[in-house]
Each structure stands twice: as C-alpha cells, then as structure tokens.
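Chain nomenclature is as follows: A, B, C and D, assigned in order of appearance, with residue numbering initiated at 1 for each chain independently.
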Amino acid sequence: MTEFFLMDGHGAYVWSAYGITLAVLILNVRLARAKHRSALQRARELAAQAEAPRKQPTVRRLQ
Amino acid sequence: MKLPRWFHQLGSPPYVYRLADRLCPWLGWLGVSLLVVGAYWGLVIAPPDYQQGESYRIIYIHPQTAYIGMMSYVVMAIAAGIGYVWRLKLAHAVAVSAAPIGAWFTFCALFTGAVWGRPTWGTYWQWGDPRIMFEALLLFLFLGYLALRGAFDERDKADRVTAILAVVGVVNIPIVHYSVEWWNSIHQGPTILRAGGPAMTNDMLAPFLIMVAAFTLTFYWLLLRRLQGEIVEREGDARWIRELVGAGTP
Amino acid sequence: MNVFRAVLLRDLRVAFRRWSELAHPLIFFVIVVTLFPLALSPTAAQLREVGVGVLWVATLLSSLLALDGLFRGDADDGSLEQLLLSPAPMTITVLAKVTAHALVTLVPLICLVPLSAYTFNIPVAALPTLAAALLLAAPTLSVLVALGAALTVSLRRGGSIVGLLVLPLTAPLLIFGTRATDLSVNGEPTAAPLLLLGALAALAVSLGPLAIAAAVKVGLE
Amino acid sequence: MTDRALLSGRDLAVWRGERCLFEELHFELGPAQLALLVGANGSGKTTLLRIVAGLGVPTAGSVTWKGASVTELTGEDRAEIAYRGHVEALKRELTVVENLEFHAAIWSREQAFEQVLEELKLEQVAHMRARYLSAGQRRRVALAMLMLQGAKVWLLDEPTTNLDSEGRALLVEWTRRHVAVGGIAVIATHQPDEFAMRGALMIDLS
C-alpha cells in the first residue's frame, strides 16, 4: 500500500497537487454557501424592519 | 433592439434565483460523483506515463483548473459586458460571482503547474513553460479586478467600472497568451514536450475527460450558489425577498 | 478637430506651467537605472545581458508615476465634468489628453533611454532600434496608463492599485520591446518585434479611447 | 408634443446602498420655466441636478430633453444643457482669458466675452492666473462661462455661494432674463426666495 503513496518518488508532487486542488474546491464550496447564507440572514433582518418610509419629494407650483 | 422573451426572463432575479435552486442539487451531486470517479480512475487505474512516470497523474487536475480559471474570466467579461450595455443588475451579479472562483482556480492551476514542473524540468518555477507565465498573468488580472471592485463602496459604480476592466482584460487575454507563447518559442526553441504533454493513450483520456466534466459542473454549482447570494444582497428588501425570507427557507 | 487641438494645447500648457512635476518620472527612471548596476556585478557582459530588460521595466514603472495628473487634476477642479458635457465626443477629448501625456512624459523618457544605455554598455548600433521600439510602444503604454487613471479617477487613493491593473497588460510590450533590442544588440534583423509593437499601438490607439471615455463617464457618475 | 423643448423627469429614484434619497419624483419644465430645488444638505439636491445634467445615473426612472434621454445627448443638443457644480471648472495654471478661450473652443462659440467680463467687473483680473483669484472672483468667472455657453437649460448648484451681494443681484437678474426669453433653469439653493417668481416649480427633497 505504501508504494502506492510513494509513487516511486513522485508521490509528494502528485499528492500535494491533488491536496491543494481539493482544498481549493472545499474552500470555494464553503465560501459560496456562506455568502448565500449571510445574504439570506441580512435579508431576514431587513424584512423584520418595517417597510422603509416612502421618500417621495413634494413638487408644487408657487402662486 | 427587441430581445427574446427568455432573455428577459433570465433578467429577472426571482426567476433566476428559483432556477438556481432547482439546478444546484443536480450539479452538486453529479459533479462530486464525477470528481470521485475521475480522481480514483486517474490515480489508481490509469497507467503512469512511460516518460514522466507517476507525476504525470497531475494531468488529471492541472489542465482542468486552468481551463476553469480561463472560462471564469470569459464568463465574467461577457456578463460584465452585458450588464454594462443593457444595465442588467443580474449580469453584474454573475460577473461578481465568477471572479473569485476564477481567481481561486487560476491560483490552483499555477500551484499544480509549478508542482508538476518540479520533477519534469527540475525547477518549481520553470520560466520556459509559457503556460505557467500565462497563468500568473491571468491571476494578476483577476486580482486587479477584485482589488478595483473592493476599492469602490457604491455597488452600482463598482459594477460598471469593473465591467470596463473585465472587457479590456478579455480583449488582452489572447494578446498576452500569444505574446507569451511567442516569447517562449524564441527562448527555448520548440519544447521537447508538446504543449499538452506526450499524446494521451485512450485509458488516460477517459479520466481526463471525466475530470473536465466534473470541474465544469462544480464551477456552475459554485457560480449559481454565489449568484444566489449576490441576488439576495442586491435585491435588498424587494417584495419577493420578503416572501422568500418570510417563508424561512434555509 | 479643433476640440482635439484645444484640449491638447491646454494640457500641454498646464503641464509646462507645472514643469517641476514633469521631472518626477525622469528622475525616477534615472534612479532605477543607476541602482541596478549597484545590485549586480559591474562586469560588462552581464550588465548588457540584464541592461535591456532593466531599461524597459524602468520605462514602464516611471510612466505610471505621471498618471495621477492625467484625469484626477481635471476631475478635482470640475473641468472633466464640463468636457463630458461638451458637444465633442469624449473619445476625441481622451485621445487628446493621452497624446499630451505621451508627449510630456514618454518622449523625454525615450530621449533619456539611449543615454542610460551607455551605463549598460549597450552597443551604439543598437540605440536606433531601442529608440524605435520605445516610440512604437509609447502609444500603447500611454493608453494603458490612461485607462488605469480613468478607472481610478473617482478613488481617493487610486494610485496604489493602478500598477496592479495596468502592469499585467504591459507584458506583450515588455516581450516585444526587449526582444527587438536584444536582436539589434546581436545585429540580427529586428523587423518582427517592431511590427508587432506597431500592431499593438494601432489596436491601443483605436480601441483604447473608447474604453477610457467609458471609464471616465462611469467614474464621474 | 415631445419635440417641444421639454425637460422632464419620470419616476426618478436614487438609492445609496439601502438608504433611499428620493423616489417616484416626476417633473416637467417647458420653455420660460424655473424650478427651485430645496432640501437639507445630503438630501440629494446635487445628485438630482447631476442626473438631470446627464452626468449621474438614477437607480430608476429617466430624464429626457426634447424626448431624448439626457445621457445619450450629443452635439448641439448636448450643448443646450449647461451644468455649474460647486467647483468652477477653472484650471488654476491658466489665466481667466485662457480658461474662457478653452471653453469657447469646446462649445465652438465665438469668443465675445469682453463685454461679459466688464459686467462682472473681471476685466482687471482677466490676465491673471485662476490660482490667484478669490473664491468670489472664481464664481464670477464661472458665471461668465455660463453666459458664454449660451445654453437653453441652466442647471446651477448653489450658484450664490461665495458671491457678494452685488454678484448675487447680477445672477438673479440674469436668471430672470434667461427664463423670460424662454430659457429653462433648475437651481439648487438654500435661499429659494431669492429666485422665487410666479409659476416657479418648487421641488423639496427633505
């Protein structure tokens, strides 16, 4: 089994390459999920507050 | 210019948000299973290369990550271009979502490329290999995009300024690519190694293609998840968000 | 056409009335060029080997120095807004400003380069090609630097990231420029890289102003 | 109807992040009409004025001049709208005359500005560099540029700041004359009554 990991001397390179790729994949999955979840959380807070008051400016003609 | 109906539908955030919700499970599970199958096949079953030996197995991930990095930049530039021309907030959201993914995968391609270079050419940073130099320049372009985006506090302005940078970047990519290729051909002469390495026998091709498919599916899963986050952030307290959030989805 | 002339003359006049600022890129260039022999061994052969690359990198870096004045000055005193609101198309105005920047910073730099070539004992025969390559690269470099300036015009501390935005895009210039100079040093024909530099210049001058004008418009939104 | 010289804004809205400056703002200005834009600092007066000028982009809605969106105006239509912000668009290294000549070339107007300079009492400083002018004098040069452009629509952002009483009187009189001969003016100000006249539109953002 060990010679499988040794890969006649090239093991370090192959496994470090696969390792970093796996790490990048997992990191990106977590980052993507975290972004989605925090956005939803923020939206929940916004939804809890009352609807923002209408900010329509008054436009009138001077007599 | 009258745009087709589906294009408008793609332009409406709630529609795309729900579409992403339906697609993501499929993309996710299919992608992961292909990754596992491809990795196992490439590491265990496929024969080592007669010339490079075991280190050749990196061919099942390095080209894929490089291709995803490149594709991310193109997706980013096209989305940014559409967002800029038609003022589609959603297109900008796609560009923003694609950028970090591209940056991470380009970094990964750079690392795996350098590690692969070690046993084959004897150095970590093989100046001779034009692809490594191109990956580095592509990574700088991504970092430039992300830095410029981070420098603006107003989202609308950040979208439109970085869109211009993305479009200029994508126009420059072929130029940078071929000038690096040209530069390499004069310094090192035709490399003994063909660009993609020695011709792949059939039993090497299968895992290679599986990994390409796996990475592509993963890319779209990541893109859609990030896009959903962007959409919710950008829609603020729109009505459909209130319903969505009110319903307390996870 | 008179808008092009008006903007060009105005920018040149403003630049020469603040002539002390013009010297900054030149001084920076000389410092970088003189520092390198200190860092490396002064043997003639090795210096020549490295010298060409150093000259080009120093030119790229020092052209970045002068970019703040390109748009930020006009943005702060409100004249950039008036240029945007003027009937003339913004691409013409931008082209005029880029030309002014090239004349004011890059041309003196190009005159300086052959002088500093002596410090790297680059053979005199190679100087004409070196100057030709720099002149051919100047439009592209100016457009890229102007684009960096336009993209960061509304940022207070924009200068720091312009290098990150622009330098990756100057890789082709560096490759073809140094190659042309190396070939001329060895006395070989230098047509190919010079033609490629010319092609880049044509692309930059035709498409560049469109992107720069768009960046300025968005920057002032 | 649209080709009549009409400056109109339809359901304009501006959001800064999650804060709303204003929304559902509609206005329409025909020839010989004046609009006064009032509101506390930070209420979005400058933002709205820049949107009307075609510099800024609203989060929603659009502003049209003679039927065309102000962001797409070119050539003479573009020159018909003049915008004067807080800063006077003067290059400090150029003299007053050089600045005026430059703007004349940009708007391709012949340079009859000697008469305007006299009215604004700027003839002594005409050949002085803008850097040495006082804030009030710079404001007057900006007024000279406004007259030089000869635009149909004046968009002025607090034009009376740094002006002495004599300068203000001149500005108010010129604005009245501009509107009387069929021009349009939108003025953001903290003292609306200075410019107020019958039939003027009052847009209050606060």
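Quick note on the criterion: a contact is a pair of C-beta atoms (placed from the backbone, for glycine too) under 8 Å apart; a residue touches a chain by one contact, two chains touch by 3 or more.
Every value quoted in this text rests on a predicted model; they were computed, and no experiment measured them.
J.: Among the chains here, which has the CA centroid at the largest distance from chain A's centroid?
T.: D
J.: Busiest chain-chain interface by contact pairs, anyone?
T.: Contact tally peaks for the chain pair A-B.
J.: I'd like to verify one number: the distance from the centre of chain A to the centre of chain C, where each centre is the average of its C-alpha atoms, in whole angstrom.
T.: It comes to 39 Å between the two C-alpha centres.
J.: Could you state the distance in Å from the CA-based centre of chain A to that of chain D?
T.: 45
J.: Just give me the whole-number Å value for how far the CA centre of chain C lies from that of chain D.
T.: Centre-to-centre distance between chain C and chain D: 37 Å.
J.: Using mean CA coordinates as chain centres, what's the gap between chain B and chain C in Å?
T.: 32
J.: Specify, in ascending order, the residues of chain A that touch 2 or more different other chains.
T.: Chain A, residues with two or more chain partners: 46, 52.
J.: Can you list the chain D residues in contact with two or more other chains?
T.: Residue numbers touching two or more other chains: 18, 57.
J.: Hunt down the residues of chain B that sit against at least two other chains at once, touch-wise.
T.: Counting only residues that touch two or more other chains, chain B contributes 156, 236-237.
J.: What are all the chain pairs that meet the touch criterion?
T.: A-B, A-D, B-C, B-D, C-D
J.: In their shared complex, at which residues does chain A touch chain D?
T.: Going by the criterion above, the answer is residues 46, 52, 54-63.
J.: What does chain D use to touch chain C in their complex?
T.: Touching chain C from chain D are residues 53-57, 74-76, 78-79, 81-83, 85-94, 98, 102-103, 105-108.
J.: Over in the complex, which chain D residues touch chain A? Could you list them?
T.: 18, 20-27, 39, 196-205
J.: Quick one: which bits of chain C touch chain B in the complex? Just the residue numbers, please.
T.: 147, 151-152, 154-155, 158, 161, 164-165, 167-169, 171-172, 175-176, 179, 196, 200, 203, 207, 211, 214-215, 218-219, 221
J.: In the complex, go through chain A and note every residue touching chain B.
T.: Listed in rising order, the residues are 4, 7-11, 13-14, 16-18, 20-21, 24-25, 27-29, 31-33, 35-40, 42-44, 46-47, 49, 51-52.
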